[in-house]
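Structure record follows, encoded as structure tokens.
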């Protein structure tokens, strides 16, 4: 199996992850490999277990069994904080935003910037204007120009604007791995394009990226490799240059057997 | 303006809808026309005001000004219930599901079926097994086969499964107008296809459908007319047969002036 | 192993805490097991009903109870007596009184009368145009509340109208009734509000000594701690008696919870109910007026004696 | 148009070859523990029963003999009846993400209306009793109207009406207790809930069955009223559309509204029903003490909320059950009774109640965790 | 691959022609009412002040003369001080979607520890006072630990610890009051918060300013302590990262955790801080009553929650403000004082308090609605 014996150490690797909820099996001996500085797309049917896989990798869910390695080191995150402290930044499918907090507050949640002056050092005063400026700038980079007020509570944003905030946050702070679970689902044509550009830009910065998406054209446009998830496990990893979209969809839905050389 | 003087009465019509939140203007004199038995797509940037438009049309939000007609009758819905009682069924972008209730409960929420026997008539006992059967069937029609337990609380479903439940509900119960706000955003390739098929099937049943989507291929595939929303108002209604996707996107983003004949 | 119960109105009121302590000491002396219980607030009938039931289940020989609602508890006490338990009522008699095997009470009305008479006597001629503030217990007037309040009025020479209810009097000397809940902090708040209404107050009746201590703080804050206001109370706890000694409290009626409890335990244990004056209907454990400034015709004891007898 | 659908069409070509068939992850391993887990997972309402059982076992050691006597269990049942009924009312309200601080005072007010109207004003009990029920219903209805029409937080509304109903209670009752003897004379029907039945004699006398294990076990009609109230509300919550609407309204009110539920009507019905149930509790209360004590019931709010929360219902609404509330009330009753019998000093009884409540809920949560 | 991107690429061709530029919907119409609306919309914390003002106006008619006197306002301020401080503690907890039923008893326990240790056991106040603060902190810490580590609902936890701390209070205090005179002798520092200052004389004597409008207005150090506590917590909530975490933890705890906030640590800190603030309230309480009364403050829980909720903080967490709580406490204080001065019968005062609370929050909501 090719994916199991890579020449370089994967940035993020998992073996035999299992997770069940009552009688529902969400992960069934799932494997995962993210190589350094690649864009890995994860595709699969609704309910295949993609989000659960991501959550297991980032400590948001504790797998029942299975092992995870970050850059070759075994890790066992007990909470998303631990993953984040090691530089893994994630856009969760449900976005993980605090509805009543403002856009700027949400962007910097958990890594607020203090003022650099006396007050900041002594009283830990936040540098709100700086954070607002940066937040505005990051959103503009993603083309979210219709946001009129950076202090608007997130709950008053449109579905797409909200997603933009989550993506901007991950893109701005990811330092080792960036994981995005359907980042463009609610986004418009223009904004989706910007997100893809952002992903490519992150790759240029040397980061590996995991992209979960149901949008095959997007996947095939940016992915270096495609992890196909089905019924709770990885069934294949394919090279988008050597397979068509229709092959990928066929494997994903079980219509086609995974290619022998790339089967996981 | 062509859209203003249609030969037949629109199924749903609105003029000069306004809605502001504090200093944010979400609807700015927006017009809307849905012809009988057509599929009308509504497209627009994130934050353009599409969802607010839909909410204003269905009573989920009360517009500050503006008038609405259903089949030529002026209406002023004070709550979504009134719209629903007149046969307008909506898939809201945030889905409007009760997280702790089961899939079957959610599908039949507000129109539960009673048992037909003595108990049902006397004690209003619900016919749970019937509702579960129908719910299962509707989900299967949408291709959501990975749902293992119809009594699972909706909050434990994957993002796509959840959306499937909301779409199935609207498709099953819409009797006059069906409105779908980004129904395929979280859906996989297969499931999206089924939703488009469902939309076409609803049209065959003689219903007019409103489809909000950022997926241009989907829009151009099924829409009879395309309402382009920008900065809180309708800027154009175009015929997908006479315009390209790139024209639509250009009008939507303000890069191109709306075509004179079809400008709203 | 003989079990005897003690049920008080509330758990934390020092009056009842001392009563329990007295009972505990007596129980040890007699070699019996004491089970204590209490209502959750003044007026909690249901808590006391449950406590009595539990004592029946525990096979107690008998119990002493300070009833929260002296009428409503009667059927439950009947049930206990039917089950063979001896019941001695403390402090507040039942209605009807003979529903218990015996009643060891302080006459709360009489305690009120004592401080009323003392206040009247101390004021002398000025009593005619006194301005009186009442700091009472609660809006719904639990038994002890109206007994003490109306007793004070009787002693002071006010026409009480309905003797089982305050607030219906029309004597112009009554300036206001305020609610203190017998709580020191609320006592202060009540007195502050009363002072706004009656700046020329010169007599303050308080339901208990914590309320009196709170009231005194309010008086002090406006400079009325100069003896221009007579503050009277009921209980006779050690802090209260010391306040009489210090002159912050004019007089207090002292009651004897430890004595009551000890006597009750003794009686239940021995099965010998002491003789009771048939005229009174209950055994009076006494209430004595404590003041540093005795008034003719009002029996009182000195602060020193009071300190020897005080309970907390 | 020619360039519409190529991209996604390309992807969807893959679908044509798809094979049907439902995904099946079904799991074969079903040992005893696994089956136990599944049972608990499927019937989470059984978990509080386990906690209750643990409590009973503990106290049968802490207060040997006395605690386990059938008569004592009868007592516990009688002691928790009122809180359990109020708990049912409170559960309804809490399921809608509300809270009702006025249940206790509604109960007292209703008992005063029933008792005083019949005994003091001499109105026939056939009128006084429904009048009391109506008073409860009206109080609840008022709560519901204010909550929905003025869109105020239920906490504030019921805090306000608590004061208001309390004042009305003092006004109407004049704070006068109605004695058992007077009640018996004027309106014995109101005391009916306190009537004791002995199941043992019942079976022995009427059916000729000698069910020895029932000896010593007594019951009163109040407990039966409680069970009926709980059963009816259980039925309403689980088997009728209204019940689903109650859950949905508390779970996510906005979603419920968008889904087409008239949440206002649901809430008004819930508060009214809760008020009515409080009036039934009033009836049971009269039976329990034989008369009417207008000062009672001040801690009933907190007690009823406690029963609800210990029973596993979430204060945030939408999740919980009536059975949980009954067991919650029983758990607290068992603790209090057991501690009282244990002969512990009052002060340490309080301490122990606090500890036990926390421990009980911890065990509950722990079983839930391992069963999922 | 050749068939990848055609579909969406076709659509995206439209983007190349796009013009930049931020969307601007800015609205020019800005009349007086509009500007007022915008002010309220932008500073929603100002709304409770308006309600407070309305209350003051009403009572200046209902109890003319007395109510509006500066001295009476001083009284109201003193009367609400303790509840306001406890309200600040309660606000912290409620912002995290919790509730603290133990604030009142923590306050009492801390006051007993301070007072009894100093007066009865003769420990120097320099030790006894910090010991009291520590006791409050420890109680809060215990609450926090149980809530987070055992994952129990805060309602249950603090209900349990309420019993536990209450028992400890009875045990340590022996229910014995400490008299003002004894306190004055042994530990006058503990009474310092009750010391009265007269701002008028202060300005007149030290600065030579004759600020006539200050005449009659007195203040005590307790009120100043309250303002300092409120200001510090306001600062913490609004200007520090910890404050953001408090809001986020209450708003949507799952989202906060996923976003990388250590919600457990935040919660433990919040409960500990709340306990500490309760101990400060204990100090103010000693100043107010001059000594220590182990039975005081039994209604403080409900009162503090009331202040928080009237101040506009949501019991579901994540939304609310300290300023609101202060104003909420003041509103209740004004109502109670005004009604007491109005000379209304006690029973109808209770009635009126209930009505006024509902009316106050209704007006608050109504202003909020028209301002949005």
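Order as written gives the chain letters A, B, C, D and E; numbering starts at 1 within each chain.
Convention: a residue touches a chain if its C-beta (ideal position, glycine included) is under 8 Å from a C-beta of that chain, and two chains touch if they have at least 3 such contacts.
Please read these numbers as outputs of a predicted model, since none were measured by experiment.
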Any chain that touches chain B and chain A: D, E
Any chain in contact with chain A as well as chain D: B, E
Reference chain D; chain at largest CA-centroid distance: A
Identity of the chain that, by mean CA position, is farthest from chain E: B
Cα-centroid distance, chain A relative to chain C, in whole angstrom: 71
Between chain E and chain A, distance of the C-alpha-averaged centres to the nearest whole Å: 40
Centre-to-centre distance between chain D and chain C (centres being mean Cα positions), rounded to whole Å: 38
Chain D and chain E: spacing of chain centres that average the CA atoms, whole Å: 32
Shared-contact residues (touching 2 or more other chains) in chain D: 3-12, 14-15, 18, 21, 23, 25, 166-167, 170, 347, 350
Overlap residues in chain B, where contacts from two or more other chains coincide: 21, 23-24, 47, 94, 146, 148, 189-190, 215-217, 231, 244-245, 249, 252-253
Of all residues in chain C, the ones touching two or more other chains: 11, 139
Touching pairs - complete list by chain label: A-B, A-D, A-E, B-D, B-E, C-D, C-E, D-E
Partner chain E, residues of chain C touching it in the complex: 11-14, 17-18, 139, 167, 176-179, 181-186, 188-190, 192-194, 196-197, 209-210, 213-214, 216-217, 220-221, 237, 239, 242-243, 246, 248, 312
Chain D contact footprint on chain C (complex, rising order): 3, 11, 20, 33-38, 40-47, 49-51, 53-54, 56-59, 68-76, 95, 139-142, 165
Residue numbers on chain E that touch chain C, as the complex places them: 66, 69, 72, 75, 78-79, 82, 166, 169-170, 174-181, 194, 196, 285, 288-291, 293-299, 337, 340-341, 343, 345-347, 350
Complex contact set, residues of chain E against chain A: 1, 3-9, 11-12, 14-15, 18, 21-25, 235, 239-242, 244-245, 247-248, 251-252, 254-262, 318-319
Chain A contact footprint on chain D (complex, rising order): 7-8, 10-19, 21, 23, 25-27, 38, 41-42, 372
